[in-house]
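You will see subunit A twice below: alongside subunit B first, and alongside subunit C after that.
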Partner chain A sequence: MADVANGLKVTATGPAQWTRGKVAVALVAVAVVLTVLRYVGLLPDALFRIPEAMIPPAAVWLDAAFNFVKDDLGLLALTRTLTEGLEWLLDITANLMFGKRRWPFLGPIPWTAVAGVAAVIGYYLDGWRMAALGAGTFIWTALIGQWTIAMETMSVLMVAAPLAFFIGLSLGILAWKHAWVNRAIKPILSVLQTLPFFTYLLPAVIFFKVGPTAGAVATTIYAIPPMILMTTLGLQKVSPEVVEAGNMSGCTKWQLLRHVYLPSARTEILVGVNQVIMLCLAMVVLTAFIGMPGLGAKLLAMMGSFKLGRSFEIGVTIVLLAVMLDRMSKAWVVKQPEHFERDTPWWRRHWYLVTGVAVFVFFCIAAQVVPVFAEIGRTQNFSQGKEIDTLIKAFLALDPVQNTTQMIRYVLNVWILNPFRDFLLSIPTPAFILLVTAFALSLGGKGPAIYAAIFFGLVALSGWWDRSVITLYSVISAVTLAILIGVPLGIMASRSEKWSRRALLACDTAQTFPSFIYLIPAIMLFGVTATSVVMSILIFAMVPLTRYTIEGLRTVPPEMTEAADMAGATRMQKLISVQLPLALPTMAVGFNQAIMFAFFMVIVAAFIGTQDLGQELQRTLAGTDLGKNFVLGICVSLMALTFDLTIMKWATHRKKALGLPD
Partner chain B sequence: MNKFKTVLTAGALALAPMTALAEDSSDPIVIPIHNWSSQIVMSHVVGQIFETMGNNVEYVTTDSQAVYESVRLGDVTLELEVWEGAFGASFRAALEKGGLHDAGDHNAVTREDWWYPMWTKDACPGLPSWEALNDCAAVFATAETGDKGRYLDGPVDWLKHGQERVESLGMDFVVVNAGSAAALWAEIGAAEADKRPVVVFNWTPNFAEAVWPGEFVEFPMWVDGCDKDPAVGPNPDALYDCGNPADGYLKKAAWDGMKDKWPGAYEVLTKISFTNPQIAEMARLVDVEDLEPEDAAAEWLEANPDVWKSWTS
Partner chain C sequence: MTADTVISCKNAWKIFGADPKGYLGSMPATHSFDDIRADGYIAGVKDVSIDVYRGEMLVIMGLSGSGKSTLVRCFSRLHDITGGAITVEGQDLMSLSEKELIELRRSKMGMVFQSFGLLPHRTVLENVAFPLEMRGQDKHTRRERALEVIKLVDLEGREEYFPRELSGGQQQRVGIARSLAIEPDIWFLDEPFSALDPLIRREMQDEFLRLQGMLGKTIVFITHDFDEALRLADRIAIMKDGAVEQCDTPDQIVLNPATEYVRKFTEVIDKARVVHAGVLAQAGSTGDGPPVDARATVQDLARLLVHDERAVIPVATDGKVIGGMDRAAALDILLETS
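Right, the complex of A and B next:
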């Protein structure tokens, strides 16, 4: 707390800030001198890039360490045992959902039964609309002919999501109980959240066998962090009065946790559950690279044979599943537990459970009689793959579309992107680090600046400097474009309630739509070039910018805007001098997320064809190069963390200074 | 459950040497599938053949390079498409480590090289000779490549040495690496609309042949050692100055334990041999007819009983 107060003083008082600015200017000046020296050919090569010979063989050391842990300490034997347990669980869900020939030999559950139960749950949570969404999603999946693959995906998520929930909850409780756990876990979580997913995938395969087990493990690990954070947050917020009441009624420690703390933190924990589900769905396509069957694998196969229509349909299914699960879990957050009078009969208290079971049994029996209820045959489905294919391709080939994109491609590639990349690559490594440090210093202060220097220094020592700079260049270019488009969109949408809602819905959809599907149209429009890469990142990075701009502007306290109105400000004046400054800290959070998303997507964009870290990461996936894989992942993570720390620090400062709540 | 499995396996292994006619294990034979159609359908075809013999079969999606490590460990049982050019290196590396072996070649041959769709010939009539291609390099120029032509090579990790070939033969081309097969198709697909000439990396057997008719560029004929000895090939000072071999092998690989665990299925695996037209037909059923791979496999088996029945009897 004292730290924050100090920081505030620094921002508030003039001279201190001036010093900070001065240091930053000095750093930039040194960087410029170094770069100019390089241009005129006076800078020794050793100062331009760290010489090969001086780069520590981190990958080799890491490999040795991994091998030691894996073989000598017997971790592989342990994880392979765990794999068998996990496989047993996955076999059960696989049997139930799509009838894999494993114990308990009961499945597959007919699709009508699943849809029926989803409708009952939806109705229980939030009435008819939710029921329609629940049933509709599953009916769509069945009719479009994707039932089996969708259930392959669900059978893994049904294991991974609860696993992530329980591990996250336990770690969250531990972190709340013991300060040292919290301190230990925080940095690990930050790294985990910025580590590119390819870095999870390879260890998952090596330790947990290729296939659904590795997919489940990678998904679980990816989904745990928010669960931990939300649990800790919820438990910290529990008011002391409630705890006292628990103590007075003589609760044991366990009872206190089970009946007092956890129920009081219910809302936060459920928000965590929502996050877990969304992250699990985000991994559906990515885990296909390590043998996870289902929608993701099918999508990759479809893209491999250039079937845009079918890929698009799979994308829609994933979005529908995500939207349904998201809405349902959010409705569950809002829904408070129901309480009944004494002596209410059992069936009345569990009315929805009874209905659900009845619907389930009914359809299971009906499916025995009417085969369509059990399974929609291959030739009976309504897939419009070919038609959508033709439509997309015809649209992309339209003359106006082609002409516009050709021009954008030319301007961006030839005048902006390639020169910008070459410029960044021409800056000597030490100068680059100084520039980033100066940026962190002027925005975030001393702390972030020190981290920036250390983190980028490590990246330089990793031996992947050029690729790291190219990665960073794609991120910066895409985020800059995303700001130019996303922020004005957000400002316009924030003017009315209706448009805000629509824009937010569009954001949700764009975010859950599997990013891989953007890649093909991007290539068809812009070729295998830097423009395609930037464009596909742009779509993804715009989402948080637009969302947080809307949220920031709409939560500006009404007193402030009223005051501006009374002072006779025009709409533009009000926006520029009142609303935007107040919304800026929130928008900064969106900006930060945009950068994080961009770092995520730039790795995916390796599938277009890049020369950055993503390409090398993708290459390691095919082998067993754990050390190199890890070094590359850490490079991405370190760069992302630098921005994360700096921007978040700035946003907190601003909020405090403006007297806004967190 | 697992102990039971182990006992069964141990029993099967112990009995195997005694009689060649030992029963196949009831454990599922795990067949890997990758992300291109011919391989997926072929895997289902073979899987369904095994099923007619009473075996249990399971399919698992894996990376096409990493799969050899899995075969070696026995996590998957076999691999049906080992391409000389694309996977030869991974296969040989796994072979050296031990655990898997060569289960014979298909009749089909594979070829991977620079390729163009037919409409390109209108803009550059001298094709398929590589000299003619080089003479009309300007036709393939794009905004970023200036007056040089643009050649879209496969992903870097496929190690296709396009860059080296351009240098060794002194061609006026800029080599751009696509990030995935999908990126290659997207480029061809985009060029198709206005019949723009393109030259990209491609291979056969492949679905693309059915969608976009085209030809391979004829480079100086492959001579053994072209990739190791600079003296070989037209340029005496450079490697990779020849085209790729026009008749690369297409192999099957099997886990060493397969022979003992599923002797019947193994016997069939060694006999299996598909031809180029057969593989193209399998890919066509999925890529053009839009069948699901399982159904395509069933259809193919139904249409060609004389081909596969001889392997099982």
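Right, the complex of A and C next:
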């Protein structure tokens, strides 16, 4: 303790950089002392873990609060009313897409008609390739025999995405118009963005009906924040002179918004649309956890029963859908209206609309005549699930393959992961908090350090300390491994323009995949084991790491590398002493994202069977343990926020110090 | 003249910054532009009093950043002024309700913007028809009218283009067409011809002169081009650091610059091309012999001034002698700048 006091005294006098380090060292020293005391058996149990009796029953309090809001304030009545409207919409899309027996009793739309319309839209947006992607995705889905489950997913997406768009747009406009709305929304948004998706799921289940309705609600809420941000951003960027021109033309406020602001902010709004669609897809797949049928549920079931072939096929479908939706909505962003010569007839102006309707009608009629155009039956599809399954399993059973995976598993588990986990668990709680605080202090400074101490203190009080530490252990080990692989990959790719572009494209594409997809290769190689969890997190976290490494290195100002060249530096010297230090702040953004992704993935991966918070969270979904669900969610959120605050603070600070643009 | 004042601007201030009103209230009246800037504020318009008369073309000149656009924006209440008062057609601009303001803009005002301010998502035709649309005119009428003015600015055949598909000069002409479409009584033109080639520029100038002469429009015109100013202006206002240094007829500005700054600013102008015989005519000694026309510039009379030997040459408007011009004085003007 004397050390700490000393450190604090220096703070008052010495230069900031130096003392920060000293305080951090002092904190670490105390932590080490505590840990050693524990090892030799001198530390009382009460200092090792907070005793059960001292843990406040936060879950119970939260439950009481929820019950109050739900029943006494009548929120449940309100949401149940909303449910009816939503259900009506969902029934319509469900009827149209996969023929659920509900009003308007028109569906299902033949798969050929959907594929045809997708091709026309794709062609309109970006020519033949997009048309092929659009049609190809749906043709694959139909032929592989997944049409119905894919359309179950799409029917929810078709309700959730527009809903998220309109709500986000309206809130965005309000936040732009009224400063106080903006002030009120901003903090909520930043909390929403770090809350693990599981905390969205349970309230949705409780307040709305289980199944598609709850799924649609959770999906919508999850996708709203970026739409708000993009709308506000776009509206703020409209050129003032265009607005003045509108004013001088005598626009009323409403006319100004409708005819001047919104069309001028088109690009940003469409970028928002892209993000809404992608988030909706990511979430709608995850709603499998609350029993929503569709691609996600099927994938979950297939992976659970280790049917690798079918999992793989569903994975391809999800990836194709993601890539198609992403590419098409991005093409829409850059698509500019084209002009027609005067007196062009109506049908020429609306050529694509006419073609689209024609194609649709044609296939609808054709489907009446040729049944396979309408639906591909169980026995007609081309699914190779079994065969692929046998193939993969045979491949895995090959001696060299088996030996390799076995060895990786053994080395990882026995030498690295398990010892590391046991070590983390053996650290007394106060020492652990001190270590995290020291980390935040040395990187981010005083502010993040205080947050770190408070946040981890709260986690300790939540009563879920061990599971939190195991969660953290998965995250840290996976991200460390991801750094060891992803950063060198990024460095290699950044050497040439061509490879950088390719790697960035690959990363961007991979980022559009719903997180579930990353479980497939891990499970294929390592089965349903803890190694798979680390592996899937590793792959997921590697994507942003590689991406930002390339971006950081590519944006190092050329005059700096040239200066190093002129000084006669070797490639390695240049990399280590010039490029990496300058790229580090950008790379830090990548680290941060990797950690956030890892926290996210660790919960998804929990379904494989782990001992962390994720599994507990999944268990709460089965019941109606709202309070516990929130406590667990908040634990994850607090740990994630600690890293987020610290690393981002460091990155901005460092960028400023190096004179780099934000 | 007051009866015919369209815009009357009394001690108008426009200050940019964190708390302009509070700052203006607490600021000593003697503060200069630089003092204000030192306090972290910018005086876009600084204590300007100016009247614009019906049917005149008032040209505003001044260096970049001198506040020309800001002043015009105050006239149209695109900016709310920080202090002073501006009345348009007798109505106090600042006391108008939103509805009245929209009504005023729809019925009386038009503006061409320095950087065009075209709506990027609308075609040329839709851009030009936009103000008509806002007034609720039916589709057919506004289309007819828009096509008419598009022809006038020589953009026939590009009606369906989008702004980004046009050159700078073409975009500017769309902006001009948009304001022509509604034929407003009061016209604010912020460097409307800056991007046009000389030929079209001249055509456009003629068009505006025609409209002003025929329909009695009031025009406030900003330009950096002296030739343009001299060709168009009834009066010229010269601005510096947000303040109007002098506002007068072109002849008076070159002959009697109010400040050193105005003198410097107008130095480059060939005075002989600006000064009219009528301005030099002095009542009293009218001289003898055949008179010269009051509307002729000194340059127009160059040959006569050199060869004629009379000391005083009579000047006449419409055949009626109004005074005599001192030949030596006129010769001075002719020779000084050449």
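Side notes on the structure shown:
By definition in this document, the second predicted complex is superposed on the first by the 594 of 662 C-alpha atoms of A that agree within 3 Å, B and C clash if a C-alpha of one lies under 4 Å from a C-alpha of the other, contacts with A are read in each partner's own complex, and residues count from 1 in each chain.
Convention: a contact is a pair of C-beta atoms (placed from the backbone, for glycine too) under 8 Å apart; a residue touches a chain by one contact, two chains touch by 3 or more.
This structure is a prediction, so every number in the text was calculated from the model and none was measured.
Judged by the touch definition given at the top, the superposed model places A:Q255 against subunit C, while subunit B stays out of reach. In the overlay built on the shared chain, the residue A:E241 is in contact with subunit C alone; subunit B does not reach it. Residue contacts after overlaying the shared chain place A:A142 against neither subunit B nor subunit C. Contact with neither subunit B nor subunit C is seen for A:I121 once the two complexes are overlaid on the shared chain. When the shared chain is aligned, no partner comes close enough to touch A:I603: not subunit B, not subunit C. Considering which of subunit B and subunit C touches more of subunit A, the answer is B.
By the touch criterion stated above, A:M639 is placed in contact with neither subunit B nor subunit C.
If you check the complex, the residues on subunit A that touch subunit B are 84, 88, 100-101, 103, 145, 205, 209-211, 288-293, 297, 300-301, 303-307, 378, 385-386, 393, 396-397, 402, 406, 409-410, 413-414, 418, 519-520, 523-525, 527-529, 605-611, 615, 618-619, 621-624. Residues 1-2, 28, 35-37, 40, 56, 58-67, 69-70, 75-76, 90, 142-144, 152, 155-157, 176-183, 185-187, 189-190, 193-194, 207, 211, 286-287, 290-292, 295 of subunit B touch subunit A in their complex. Of all the residues in subunit C, the ones that touch subunit A in their complex are 73, 76, 78, 98, 102-103, 105-106, 109-111, 113-123, 130-131, 133-135, 157, 159-162, 164-165, 175, 178. Per the touch definition, subunit A reaches subunit C in the complex via residues 239, 241-242, 244-253, 255, 259-260, 263-264, 266, 336-337, 339-342.
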